[in-house]
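I am attaching a structure below and will ask some questions about it afterwards.
Per-chain numbering from 1; labels A, B, C, D and E assigned in written order.
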Amino acid sequence: MSDVISVIKRQSGLKYASIDNDEMENFSSDEDVPMVDIDGKSNGGKRNEAAAGEIVTPGELITEDPIWMRGHGTYFLENSTYSSAAGTISRVNRLLSVIPLKGRYTPETGDHIVGRITDVGNKRWKVDIGGKQHAVLMLGSVNLPGGILRRKSESDELQMRTFLKEGDVLNAEVQSLFQDGSASLHTRSLKYGKLRDGLLIQVPSSLVVRSKNHTHNLPGNVTVLLGVNGFIWLRKTSKMDVARETPSAGPASDISEGPTGAKSLNPTNSVSITRLEEESSWKIYSDKNDPSITPSIRQNISRYANVIKALAFCEIGLTHERIVIGYEASIAYSNIGELIEREVMESIGDDVINIEKMRGNGATE
Amino acid sequence: MTLSIAEKSYLYDSLTASPSIRPDGRKPHQFRPIEVSTDFLPSSNGSSRIISGDGSECIVSVKAKVIDHTLSDEELIQVDLDIAGERTDSPQVETLMSLLNKVLKSGPGFEHSRLQLTERYSFKIFIDILVISSNCNPASLISFAMFSALNTTTLPKLISSFDDLKVEELPMFDDYDLVNLKLKSPLVFLLAIVGNNLIVDPDANESEVCDNAIIVTWLDGKIRSPIRTLTLNNSYSKGFDPTLLQKGLKLIEENAAAVLTALESS
Amino acid sequence: MSINFKFPESVIPGQLLCPAFDIKEENDKSIVYEYIAGPGTRLQKHNLNGTVVNIINSTLVGTVKIEEDFKMDSSNLDELNETAEDEKNHSNNGTREIKKIKVSVVHKRNNTSSEVDNELTNNLPKEGDIVLAKVTRITLQNVSLEILAVENSPVPIDSGVGSNGHGVVAAGAGSGSASYSVSQTSSDFGDPFRGTLRSQDVRATERDSVKIIECFKPGDIVRAQILSLGDGVNYYLTTAKDDLGVVFAKSGNGAGNQMYALDWETMVVPSTGATEKRKCAKPF
Amino acid sequence: MNVQDRRRLLGPSNAKPIVFSAATDIQSSEPKKDESSSFILNSGLIENCNGSSLVEIRDPKVTQHQTSLITSVYGPRATKGSFTSQASLSIQLKNGSSEKYNTTELKEVSSFLVNVFNSVINLSRYPKSGIDIFIYILYDKVLSEESKKSNNISAILPYCISAITLALINAGIEVDDIATAGYYKGDVISFIKNGEEVIGYWKDEGNCESFDVALEHCKTEAQKFKNLITTHILEE
Amino acid sequence: MNSIENSVIDVKPLVFPKDVLARISPDLILQRYLSLNLRPSIRSFDEFRDISVSNIDDIENEFADNVLGTNILKCGKTIIITTITASIIKEENQDETFERYYEDISGVERRRNKVSEYGSVYPVVEIERGRGNAPPSDEEMNIGQKLHDNILHSGLISKKSLKVDYGVRITDLETNKSKIIYPEEDEINDVPILQLNHYQKNLKYVLHAKITVFSRTGPLFDLCWNSLTYALQNTKLPKAFIDEKAVSLKTIIRSRGKTTELRENFNIICDTNTRVPLQLNKENIAYASNYGIVDLDYDLIDTEYEEKNNDNDKKTVLLADINTESEEEYINSSISIITNKYGNLKNIIVLGGTSKISMEILKKSISLSKIRAHDLESKA
């Protein structure tokens, strides 16, 4: 195969002519099955109540017990509750809902997300977070230049576009949810805000696992921000990123030095961070990238982007460890461009799963 | 699609570096992988479906009809384009339509003799193109799909006599036998210019920041008309060095054959 | 002015004016001239004898205008300071002096008007501009206006009745023809730029107790200042200054006679003596 | 099209457009075949737009074309819809007296011209506004016998580009340079900055063998147009 | 100009440039001009703008085939380009016996039915104002409809002149040379055209006009009318013929996939080389003009003026040829007249607005129209 283009012939196609008969048969047998099913279910109706976590498909009977409150992904017909989505059944107290396996991102309070500004409106920005609705970022929920303690003034309302404008990418936390399920965001912490020095890739949101930390420094001077909504930002590791990781080393040294040492250590740490905050607060809305992004960092970012796409292609959930393993596995391919080929993506996916199995910690974590 | 200023400048700086660093790490002459399935529509004489790595998808169906070419001098090939989510009279669709019509007439032109059945009757070919999704300019993808579809198109075999000017009879066809209509449709390549670099097959992000782009038609080992520049975005477009045009045409000339072989073998 | 260059009097688009930077030795001190591309010019990379240089070229037909040490608006200030600091770091000591010079080109058509403002090169409403606008709609919180002209700048000739005629309503579409129009052009019938005036921007004092109905009526011509470019549709306007407010109004919701301002909140019809309430621009 | 236009008086629907016989005896009476090319440039002739130009060409040498184009520039003016940080450009070509070119082709040419002028106009100076350019092909006539058959629009592209440039300058819209183009045997190449930068390339016929030659020819022709425009501007 | 600004300063400290003032308060600027016995366009009250007429053929004598007549009318800055094209239609049951019947009926009836003897033009008016392919504006539709109706009722074009007298093209099989024989030459040539009798249908030309207006500065109807009139005067209709082979041509048409029907095809071809001028009824050629009526409003001009000149009679003036934004915006009483120089009035529309239109004004406008028509006729 040439390195210019790879063309994969799809054999399976949609050859209706050849499968017509099979399908017809399938169809007719399908018609029988529900009959049996309904019988079966009406016989063993109680079995379904214990079915939390079970996978259902649209139209499948969940329960005939009317005591359940019907949540998302279900519908009610003639005293029975059916699923309206393909997913797993979840029961919270009396609320019965089906969580779809795939689909648009549904925000939850506390999610760390990455989004893109689509609209600058009256005291608010609209943010595309890959959900059903755009999220809202209120002017009052962002840090304004000039220090955290600054109050928003009227002139800020008029110059909102100088902070964030259409197209800007930012990371934020879901502060609360509105009645209709759309999210309200905030960036009132220095780990949130406008993103620079890199690029955005998108994966299905179901592949990003909610965890404590979504920002990871990766080998090769690259930092990844895994938005729970499936938007992933890859950038050059900044001073801030390094500083953020140091406190995690801090407590470890605290323990070794004892409680007194901890007191003396912590203030210095916090001082350095606040200074960083102050320095950066003026630049948090700058559109200028770090001028010192070297070609090798750019290549690393491209490589990570391809690794993440490969993992997503193989439907492997994204974690810090897996991205690093995938990256290491991809080093075997010196040409980053090869990573977009299907076989290569599959082999990287296999590698990641195998290595994780070998290390054995994937399961324990 | 709108990108942030920071993203654009990151991409632009990466692409203008020498050698260029594309966001997906491709070489300048490397295309995105595509998946092709042909002959999947049972009611068409030929069909193909192409899916690109970024999810762009295009379906082409070829149908044929017998017409009396002595009566009307209508075109023997008719292209119809539908892009999902676009009005049929939108500038994008009309521009592409006009381009595709010119592409099909490119080079030595469509060999009308291939479509001629008898002295009196010809096949008229209807090419219906449906772009299901596309993140960037679909011209190249469409031409690949058109090529695969026409490459696999089969038409009924004529059994009546060729010379029917004197005898009034309609052409008769064999009930089962099909003839392969080996029509070679030209390939269209999209070439983006960023700074002093050239890249083939720009993806959506690359399209957003490129200075300019060229559409090149290629058939039978040669670059043909139509060729034209187009800008894939309107915020970054600017002029470019004339030598890049020559370099670009050469780049296509070098790599087009590989694309053709890949498409033919599939 | 001690600039190395002699700028041409009148220029045409594409004509090179000056490089972005220039150094001049003077009394053991090197003066760096930093030229900044103002309206009517653009900083571009040009290929001169094989080397790529940043050069300011003209983008209009007109005359060159040079301002030394001009005051920059605050938005540019940060960035420019940054670059200036960078340069300071590059030079070894403080023997360098930086002079900023703004180069702009004034379009010849505008040049004929008596007052040549440096913002005249185009007639788009900008932040800080004074505009004349007609009130189209009032609500409790907002006044909607159509911007008719930017003061001290030519009126947009592709709008207005002269170019459009009476009864220009597209069939079956009314003023909402936008939703109906299949036109790919940016606007229909030379629609004017629209503005909105929020009740808190009507006057500078007692801003919370503004009653819009006592300040504006549909049809009034208002002199207002642009606060911001606003959203996709509206500019944000303000009349919170003495010389801003209603300048032309007719009594009885436009049916009556021309009124003249008595004081800042009353207008009078001279022939009848009837008064109406408006937020007037300072009459004298 | 089944939809009948009820707003315009288009006459009875069953009327058939007249068909002319092919000119049997070629009427090459050669009435005015003066070999001198003439280019008439005029600007500012239309009152209700911001800028306008009239380009009349009698070009018996290169393309054997007689063309007259009326160009009008509207805007920058207000747009509807969401905020845009720079102006959006639209160009429309219209058949004048004769319906010579089909609308699809004109649309393609329009979008090519938009591409060309996107890289010339300083769009970022005009936030949230639109610039609309209309070209009215008053007449367009091919004189040479061999090119009479092909209804090729390529040859008038350089005139369109010059006409738009002139109208934009007349409108006082900021342009980086005087954009012009040249035509040579099917190739149209548009230049700025004295031929150092290409802003558009259009080719509808022929193969791509003599590209270098075409480039040089187009460059000189573009320069010729540029000089014409420059003198016209300075004369005003 | 100076006095205008001064008088503004009397009331306000704000000075507006003339064009800005015209935009924000058109009545004010118009009244100020009128008080000086001038109009915003520096014309006097009953002065028309000059019109210059040419046709595209002047520029290029060999013109596009399907264009039968052209006119370029320039009036001030306004440019109107009119092109006439044609199509052919088959008239239903309009034979001569029908026409003879009309000759027998009474005069009133005849006049009422006279309209059916005349043909018209289908005009499509396009006013260039930078709006792309949007649906036509009210003004465009109104002008188009008015042009159509007035041409029809003015009796300018008789139906006879639109009749297609087609010939037959006969190809000599031996020499392979073809020639066309027209009805007039019938008697001379012995080729019997009557042979084609079964085909002899009432074919008629339908005239279409495309009127494009650049630089609209005021009302347009009369300019469009005049341009169309000029264009019709130089319109030449082509001679038409049918090919002898096509005479019996019938095409099978399949519609909706099932029903088949036979449709006769009139494959009529127009001769590129011979053209005959369109016969117009010369006495019915008329030209249009318009007038605005406005009251002088001393209130607006000057508050002191009133005291000096205290007669309460409002002075009303007639303005010929309305133009410019302030006039058009402010004037709402108007008269539109179509006439020839002898006063053969074809159409008169009087719109009463706020200003009273007296008999004198009406008379004056008609006499001005005749002078104008005389002037315009000389330019044809």
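Miscellaneous remarks
In this section, a residue touches a chain if its C-beta (ideal position, glycine included) is under 8 Å from a C-beta of that chain, and two chains touch if they have at least 3 such contacts.
Since the model is a prediction, treat every value here as computed from it, not as a measurement.
The chains that touch both subunit A and subunit E are C, D.
Separation of subunit A from subunit C in touch steps, taking the shortest path, is 1. For subunit E, the chain whose average C-alpha position is most distant is A. Across the assembly, the mean Cα position most removed from that of subunit C is the one of B.
Every chain gets a centre from its CA atoms, and the centre nearest the mean of all protein CA atoms is that of D.
Between the Cα centres of subunit C and subunit D there is a gap of 33 Å. Distance between subunit B and subunit E, defined via averaged C-alpha coordinates, is recorded as 48 Å.
Between subunit A and subunit D, the centres computed from C-alpha atoms are 50 Å apart. Counting partner chains per residue, subunit C has residues 158, 162-164, 171, 182, 184-185, 187, 190, 229, 231 touching two or more of them. Of all residues in subunit E, those touching 2 or more other chains are 129-130, 132-133, 135-136, 141, 216-217, listed in ascending order.
Taken residue by residue, subunit B touches two or more other chains at 91, whereas all remaining positions touch fewer. For subunit A in complex with subunit C, the touching residues are 120-122, 154, 158-159, 161-162, 282. For subunit B in complex with subunit D, the touching residues are 91-92, 94-95, 97-99, 101-102, 107, 211-212, 214, 222-231, 234-235, 237-242, 244-246, 249.
Residues of subunit E touching subunit C in their complex: 11-14, 16-17, 19-20, 22-26, 28, 127, 129-139, 141-142, 216-220, 299-300, 303, 324-325, 328-329. Across the complex, subunit B meets subunit A through its residues 2-7, 9-11, 13-14, 17, 21-27, 29-40, 42, 49, 53, 205, 255, 258-259, 261-263, 265-266. Of all the residues in subunit A, the ones that touch subunit B in their complex are 1-17, 116-118, 166-169, 194-200, 287-289, 293, 295, 298-299, 302-303, 305-306, 309, 335-337, 339-342.
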